[in-house]
Each structure stands twice: as structure tokens, then as C-alpha cells.
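See the structures that follow.
Shared chain: subunit A. Partners: subunit B in the first complex, subunit C in the second.
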Partner chain A sequence: MARETVYFDKQPKITAVSTIAGQKEKSGPISEFIDEFMDDDRFNEDTFEKAECKMLSHIIGKVVEKKNLPLGEVDALIAGDLLNQIISSSFAARNYSFPYIGVYSACSTMSESMIIGSLLLNGGHMENVICATGSHFSTAERQYRYPLELGSTRPPQSQWTVTGAGACLLSNNEEDIDYPKIVSATFGKVIDYGVTDANNMGAAMAPACADTIVTHLKNTKTKPTDYNLIVTGDLGVLGSRIVKDLVWEKGYDMNSNHVDCGEMIYNICEEEFQGGSGAGCSAVVFNSFFYKKLLQKRYDRILFLATGALLSSVSSQQGESIPCISHAVEIKR
Partner chain B sequence: MARETVYFDKQPKITAVSTIAGQKEKSGPISEFIDEFMDDDRFNEDTFEKAECKMLSHIIGKVVEKKNLPLGEVDALIAGDLLNQIISSSFAARNYSFPYIGVYSACSTMSESMIIGSLLLNGGHMENVICATGSHFSTAERQYRYPLELGSTRPPQSQWTVTGAGACLLSNNEEDIDYPKIVSATFGKVIDYGVTDANNMGAAMAPACADTIVTHLKNTKTKPTDYNLIVTGDLGVLGSRIVKDLVWEKGYDMNSNHVDCGEMIYNICEEEFQGGSGAGCSAVVFNSFFYKKLLQKRYDRILFLATGALLSSVSSQQGESIPCISHAVEIKR
Partner chain C sequence: MKTKTKNNQNYLEYVSNIMPKTNEFQKIFRAFWVGGFICCIGQALRLLYQSVFSLSGDELAGFVSMTMIFLGALFTGIGIYDRIGKYAGGGSIVPITGFANSVVSPAMEFKSEGFIYGLASKMFVIAGPIIVFGTVASVLVGLGYYIYFMVV
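This part shows the complex of A and B:
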């Protein structure tokens, strides 16, 4: 039936983006593309959780400002994050008076929110929607793993949760022509190969990501070389190797044009091990580096797949493995 | 601009429903409409969390079975729940091989998922989608409030989290004509009147619910009496009084045709105080009692608003008040 893939004939445009990140991301290789950096990880708030919320609230305001849009013209905010009950997104939404659609897809939130936004625009229901997500090293670490004060040793298969947030504005106004556009998308399935190590997200997420890539290629009758790049969210170094192998096993070769946001955001040294992760990873990298390259027409077709691990600390404590998901968005210039 | 309200010209049909609940709900006034009951709250699982997941997985299978649909014909599952990282929904989705769209809107999940499902059907992208959510007294209590073993005294403003889950199948096949149909919906905004008592959900959620009701009535140019009923999710006894007052202040009188699922699910005695709550409350009541009444043409137009409190235990501990939301779905026969 192949209805995992949805096509947007009205081609919603990505008309503005906004990103913010921390000092660690500032010293990474793509920092020149990121809009703003926080001086410290608390962002002048009492707690890291409140800082994460403030980052989201901040970039939502900024993306509207960049497009020069009155706040009343924003039809909806679609957002989610990694914190329990996605409080960063919901509390950020409280600062604005537009309709709010909360989503949860772990680190795959950026692409899920872009698909739901595209559905609203393509159906002619709305004209301007904001898609946003973010993450924070300190909130994620203490929620999913150990208290920060414990100073736990990080194993070599681990990734570093990105402190940062990204938002994009999808619009379908008549004057919005010369922008990157979303032409199709493929919803992911929940896939679990039985990985139980909450430090090895890349290996856990790679099978779900590979499944969505292969599904999208099959449904759209395309091959990897039809895209300038296939961009995955936060598989990291190890996960990227695995996803390429898994896709290759299905008869597709994406060795020459696959990149992973988790491999791009840091100068990977010992501390980061496998690279970046977190909902903020793909949100920051896509809405900074990739958006600019699309705008400059350096790329004219990319497949963007944020990747999410759907575990919780409770599911891990109860002995469960890690189910994962990845939603794909095809963007053309 | 009034783009909070979306209209579905293809009118997605609700072609099947499925519900399950616990023994406490079995002794309530609408139990004859609920499909199945668990013999015990653990549902033959090790933990309450796994039982909650099993309930969801069970009703997803049942709703497909009721419609006599091959599993391969299901185009997507849209689900969410109250547990951290919506693990009940994600782990339930793992048991099926269809695309999964995770949402989080606390106890407003039932209506949010129905709106997203309607968008997919109305846009012609998909033909059969399942919307599902649930909750469990024991998982919610220990996650949001106190360990069960503590035997905390419940204050008089508290509600009882429903142990139960509900799913509906939205379809747009040509042969699906004589079913309740979703004609429009209004997305809610995040509204916070400063309530900080995590036991007083009804009072916290009423303003958000009132806002969505008034917005929907204004945008659709209707008045409360145009509907057989305005059905709210889980405001409980106190919250129901407040929402009627707030709506009345805006010039609408819904005293004669408002009902609340939280007031309907239990024979309200001392233990339940203000009535039922939880994502499962509106999911069970809508997909049992109201669906049957719509099917029997007892009602021909209802406005259904699940209501959600977007707090987490961390946000409460950090001194935050409770932001709330409510999404509305208009259903016609």
C-alpha cells in the first residue's frame, strides 16, 4: 500500500529558521552557521530545565522576528523535547498565544514536527506554523542516566547530548517562493533490535533509521544518489557505520552521500566519543548549516531523518530494550 | 485570522472503537458500554507500567479486528500517554509494523490524536489510522504524586486517574458512510491561571478548556445549543463548575448541555472526590458511551474536548504552576 510516505503537492516552504546552542557547540565545526550562543548553560535561569525551556521560547520568538511576521499571524506551534511530559516545549508555548500541538518522538521530533506542520499547510488549514525542538546536556544526562554531581565515567560508545535548540517556520503564503520546500515525507515505524545499553543510542537507532530510508527510497522510486545528501539525526560515528551497512544490505549504497548531524556538531575527541545526540542535535544542525546550504542552492535535494530512541529511565529499569523510530522529510530547493 | 479551527471537508469517519478498563471502572455507571475489563490492574504483567502498555497494545489490535481490517491496511498509529517519554504508546507501537506518530498532550491526547488523524485522512494521504491513548491509576499516581506504598491521604479536590484505554479507527474508504464523522476541530492554546496544586487538576484545566470552547464557538459561528452536548475530558466535578462559569462570562450558556467524562465514569463517592481523570478517562468514555450514542443517532452533533495538564513532577518541584491545554473535535452523525 505504501502509505507510509505522504506527498505535499503544495510544497510548504521553510521560510525562516532560528538556532541557539551552548559554548561547547560554539567550538564545534559548524558554529559559524548557528545564530546565537548562551554564555553559560543556565541561560540566567535557576535550573537547567528552565534554561532548556528558555532556549525554546527564545528561538520561537526569533524565528517569527526573522520572518517579520506579526505574532498573531502564527497559526500553530508544533514542538516536543526529551524532558518528562515535554515540559520545555509546553512551558515555552505558554509564553505565546498561538495553538500548540505537543509531539513526542524523542530525538526524531524535528522531522515529526515538520511533517505535521506540512500536513496543516498542505491541507490549506494554516499558513504559518513553527516547528521546534531542543535538548540540554545537563537535563538529559540527569534524567536518563546519572546525577551530574556523580561525575560518572562515560563509556566509549556514548554520545554527548547537544545543548541547543532549533526552530523553523513553515509558510505557504503566495509571496513565499524562493525557499527550500518540503515535497514528501515518510513516517517511521517503531523498530527494536534488542539493544539495552542506554549509552549506545547510535546502535539502537540505526535499524529504525535504515528502515525509514529504505521505505522512502522504495516508495518514491529513488536511489541514494538522487539526493545530494541523506542526513541522519544523531546516530553518531558508530550508528552511522551501522546504518550504511543496513541500507547496503537492502541493496542501496549511500556510502558516498550520507552525513550525520551527530558527527558534524563537535570536533569529536575523547569526551564526545561517538559525537552529538539529543533532539537539539538535528534541530540545530539542520536549521543552521543545512538550511543555509539549501538557501544558497548548494544542495537541491536532501533527505533529512531525525532519529529517536523511545526509552525512558523507567523502561530501562524494568529491563526493556530500546525501541527506536526515525521520520524522514524530503526537502528540495 | 481564526486559523485555530480546521475544517475537514472529506469528513473522516470513526468506523470502529475499542475500550478496556479496570475493575473500579467496571462498577461505574457506564460500564455496560466498555468492551472489556482487566481482572486485575497488573493485566498479568510484572509492573503497572507494562500493564498500561499492554492495555494500549490490546485495544489497538481489537479495533483493527472489529473493523475486520488486515493489519497491513492500517496506515498509521497516532498515540500518546502520561508516562515519561510516552513509553506505553511507543512500546505498544513496537508490537505492530505500521507507522507511528507519537504525541503528547497529557489528558488531551485523545482529541489531539483524532485531529492529526483527520488531517492525514482529509488530505488524502492515508485511509485508515488508529488514534489511541490510555492511563493507569497506579503508574500515574507514583509518577506524578507519591509512591503507592506510602498510602497518602487524598485531598478533597483530587480526582482518580482512570485505569483504562480507548482507541478509535478513522477511515475514509468509499464504503464507510454510515458512521460518526469528524467535521472540524480547534487546536487549544497553553493557558495557565497560576494553579500550583498538582491535586487540583480540574481547576487548572478549566480555563484552557473554556478558551478552546469559546474559540470554537466563535470561529464556527455556533452556540452551545447547536450541539447535543459539549463533552469535556476530565475536569471533574469542581472543574466542570468552573468551565461553565468561565464560558458563561464570555457570553455563552452551556449549563444545559455540558457533561464531563470525569463525572461520568465513576459513581462518585468519597474515594473519587471530584471524579475521574487521566488520558484514559476521556478515551474510555468517548470510545464507549458517546460513540455508541452517536452510532444509534441518539446524538447528531457533539463537541468533544479532552483536557490536559502539562505539568511534570520536575516542573512542580521547581515551583512552576500548571499550564493546561484542550483540543476540540466536532463530531456529527
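This part shows the complex of A and C:
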């Protein structure tokens, strides 16, 4: 039983990270931890989609460069994004000659790609794997909502898609002992509690997230207090409150050590309402703030759960509710 | 299955209880004054055209609408209308300037897919339904009007 949780005896290490974000994220509270910022939303490209692709391509190059790794040594790139047919990641991958595994798990792509990468490393099939994902406010708005210049109001339960991308390099290398290690992971189930409001992502995603947290805690026989932090992806203020309630209902108390990347990335004022969202949200926050804190040994053990809403604009228009997923990765120092 | 639906009901109820509420009074007030202000501009133009160009009737109404549509499109193009919209909500959507905004904004957005398949074909993505239902409604009202006068 308990096969949703996998344990990595080889403990793949996160040996390098790279992040990039937009100007709005630059004014947020964790901006000092983010590597680079784009001067404008288009990143010197003529469309936002090309900019998103360039962001991903850029950080993939950076993460390899940081580790001084010859490009031939990268065994695979696991990446995904929010756009239809995951074009940003696939188009970014064409700039590189290493094998590419395209994944889609909406905003939980970061943790999903980390699990797949760890499995490949743990099985001894590969040595160096890059996991990357990103999102762009303007491309997401266009695909899921309205044109940018349309004078519409956002409801107070809405979130703001993060413009940014993050990548990490997982390695099995014996020399790299002093890095954060991925020790176990739990695959999430698709859970749908019937929320149909596409603006209320937090409430839609919270049950899936709570389920994965509880499953992971049960399977690993741990308590929330065993972790320095339980980091969720992009539940926002409202979703964070719900997930704490749902986990509490199952007999676990994580009020004191839960944080949400969506709550951290912006100085939440009226425009963002519940905080950040999007695949880039957890990717940027995890690979900047949390990675650096892990390196500094401020945290010894964190549980990272990116959360994703698996909807499309067609499914919402057909009145479908929003199925959601969340994958958990346990990282130890 | 039944308990599942019930659980879902409980969850949805719980969510709607803790969901942040829209400040309705504030929204209505903002919509009222901005919408009213836009209408005042329209009325001012009307008076201006009437006295300066001595227009009247349909011509006058047409010129006022044209100017307002132009202004709506212009403010959309220079990126101001969406800010007004964020503040005013319905106040800037309902007047004719809002209609201009709903045509110009997708046109700008989808220009990157080319002039034919992007700009021209996506131009009425938002305004399309308004035109369709507007036309249908006008036909129905016209019919009703006709029948009423046939009978009376």
C-alpha cells in the first residue's frame, strides 16, 4: 500500500537554480532572492508568447552555466508551462540539444517535473536533469481571460498570474554532497469539489493540496511540525486559509508552519487580491527564496507542494467544475 | 455518490461563507459617478455641436456617438481605459465608450496573429454577442411595435 509516495534512496540533489521575473515581481518582498528581472514584459521580443519562451530558454541556459556543466552532460530537460500545447517549453527546448520531456500539470508543473527528474536519477538512468517551468501574466490573461486593455474589473477572490520562470538542476553526482536533497515525494490525485468559478483558484485547488499533504504525512508517518515549513504553490490568501482548515479537519495542525508562494511574491494590494498564481509562481519562489534558505541551512526539511488547476477555457465555458492536482516533494538539507 | 455530492455542497457553502465580499456600495458609487461623468461629456458635446455646427436630430446624435466611440478607442489604445474600467466597473462598460473598448482591446491583443486571422477575426470576440443580441432584440421590439399598431 501507500504507493503514491516514493522514496529516493540515492537522494538526488538540487545543485543549481536559476530564476527570472518581471518588473511587478521586482517590487515584491522576495525580489532580492530572484536572479534576474526583465526590463519589460516583452523581453525584447515582439509577442508575449515569444517572451515567455525566451524566459524559459534563458534560465535553462543559466542553470547549466552556473554549474559549469558542459551542455552534453545534461541528460534531460523536463519542462512545462500553461500555454496550449505547452509551446513555451517545447520551443525553448529546441534551442538545446538535450532530450526533452514535456509535462503539463498546470501550476503544479514544478513539483511534478522535480518528481519525474528524481525518479530518473534515482533509477540510475540519468545523471543531470533540468526541471523548468514558467508563466507570463499577459499570455495567461489572453488564453484564460480577457484582452489586457479591456476595462473589466477583477473580483476580490481572483489572483494575479506571475510573470516569471524558474529552473533547477538535479544531479546524482557523488561530489555534490552539500546541497538540498530530494528524499521523497507524493504524487497527487485529481480532486474536484465542484468549484466552478475560474476566478476562485484558491478554493478549487485547496482540497487537492490538502489531500496530498495528508497522504504524504500519513505515508511517511510524520507530523506537520517535523517540517520547518510546508510550502504550497499558489493557493493565495483564501486558498491558504482553506487548506489549513481542511488539513486540520483530518487531524493535523499546520497553522504555524505553512506558507504559500502566492502570498509571498507580491505585496498584496488591491490589484492582486489573493496573491500570485501560475506555474511561474511556485517555480520562482521555490528556486529563489526557499533554495537559498536551504543552502544557508536556515531550513532543514521542507515539504513543497505546487498546486495546479487543470481547467481550460473550453471546459469552463461548458460549465465544468475545476479539477485540481498537487504533487508533494520533500526536501532535506 | 450521494454523500460525495453532499460533501461538495458543504464545501461550496463553506467557501462562499469565507469568500471576500465585493464592496457593493463602493462599486456602485464609483460606477455611478464615472458613468455619469462619461454621459455628461456626451451631453456637453451634444450642446457644443448643436450651437457651433447647428446640427440637430439624427445627425447630431450620430456625431456625438462617433466622437465618444473615437475617445473610447483612443483611450484604449493609449492604455488608459482599462485603468478607468478597473476603477469604475460597470460605469465605464455600459456607455458607448465601453463598447469601443471591447472592440479595440481584442484587436490590439490579437494583432500578433496577423491582420486577417488575428486582428480582424478576433475583433468582435467580446462585442459580437452584444451585436447579435442587440439585433435580435431590435427585431423583436420592431415586430411587437408593428403588431401593436396593426391591432390598435
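General remarks:
One rule holds in what follows: the second predicted complex is superposed on the first by the 333 of 333 C-alpha atoms of A that agree within 3 Å, B and C clash if a C-alpha of one lies under 4 Å from a C-alpha of the other, contacts with A are read in each partner's own complex, and residues count from 1 in each chain.
The criterion applied here is as follows: a contact is a pair of C-beta atoms (placed from the backbone, for glycine too) under 8 Å apart; a residue touches a chain by one contact, two chains touch by 3 or more.
This is a predicted model, so every value here is computed, not measured.
When both complexes are overlaid on chain A, the residue A:His125 reaches subunit B alone and has no touch with subunit C. By the document's definition of touching, of the two partners only subunit B reaches A:Tyr100; subunit C does not.
Legend: residue contacts after superposition of the two complexes on their common chain; A:Thr153 is shown touching subunit C, with no touch to subunit B. Of the two partner chains placed by the overlay, neither subunit B nor subunit C lies in contact with A:Val259.
After superposition on the shared chain, subunit A has more residues touched by B, the comparison being subunit B against subunit C. Within the superposed three-chain model, A:Asp46 lies in touch with subunit B and with subunit C [touch as defined at top].
In the superposition on chain A, contact of A:Ala198 is made with neither subunit B nor subunit C.
Once the two complexes are laid over each other on the shared chain, residue contacts for A:Val214 go to neither subunit B nor subunit C.
When the two structures are aligned on the shared chain, A:Leu295 is found in touch with neither subunit B nor subunit C. Shared contact residues of subunit A, touching subunit B in one structure and subunit C in the other: 46-47, 49. On the subunit A side of its complex with subunit C, the touching residues are 46-49, 142, 146-157, 193-195, 200, 203, 207, 238, 241-242, 245, 271, 273-274. On the subunit C side of its complex with subunit A, the touching residues are 7-9, 11-12, 14-15, 18-22, 27, 76-77, 79, 81-86, 88-89, 92-93, 98, 101-102, 104-106, 108-110, 112, 126. For subunit B in complex with subunit A, the residues that touch the partner chain are 1, 3-4, 6-7, 46-47, 49-50, 72-73, 75-76, 80, 82-87, 90-91, 93-94, 96-106, 112, 116, 119-120, 122-123, 125-127, 186-192, 310-315, 318, 320, 323, 325.
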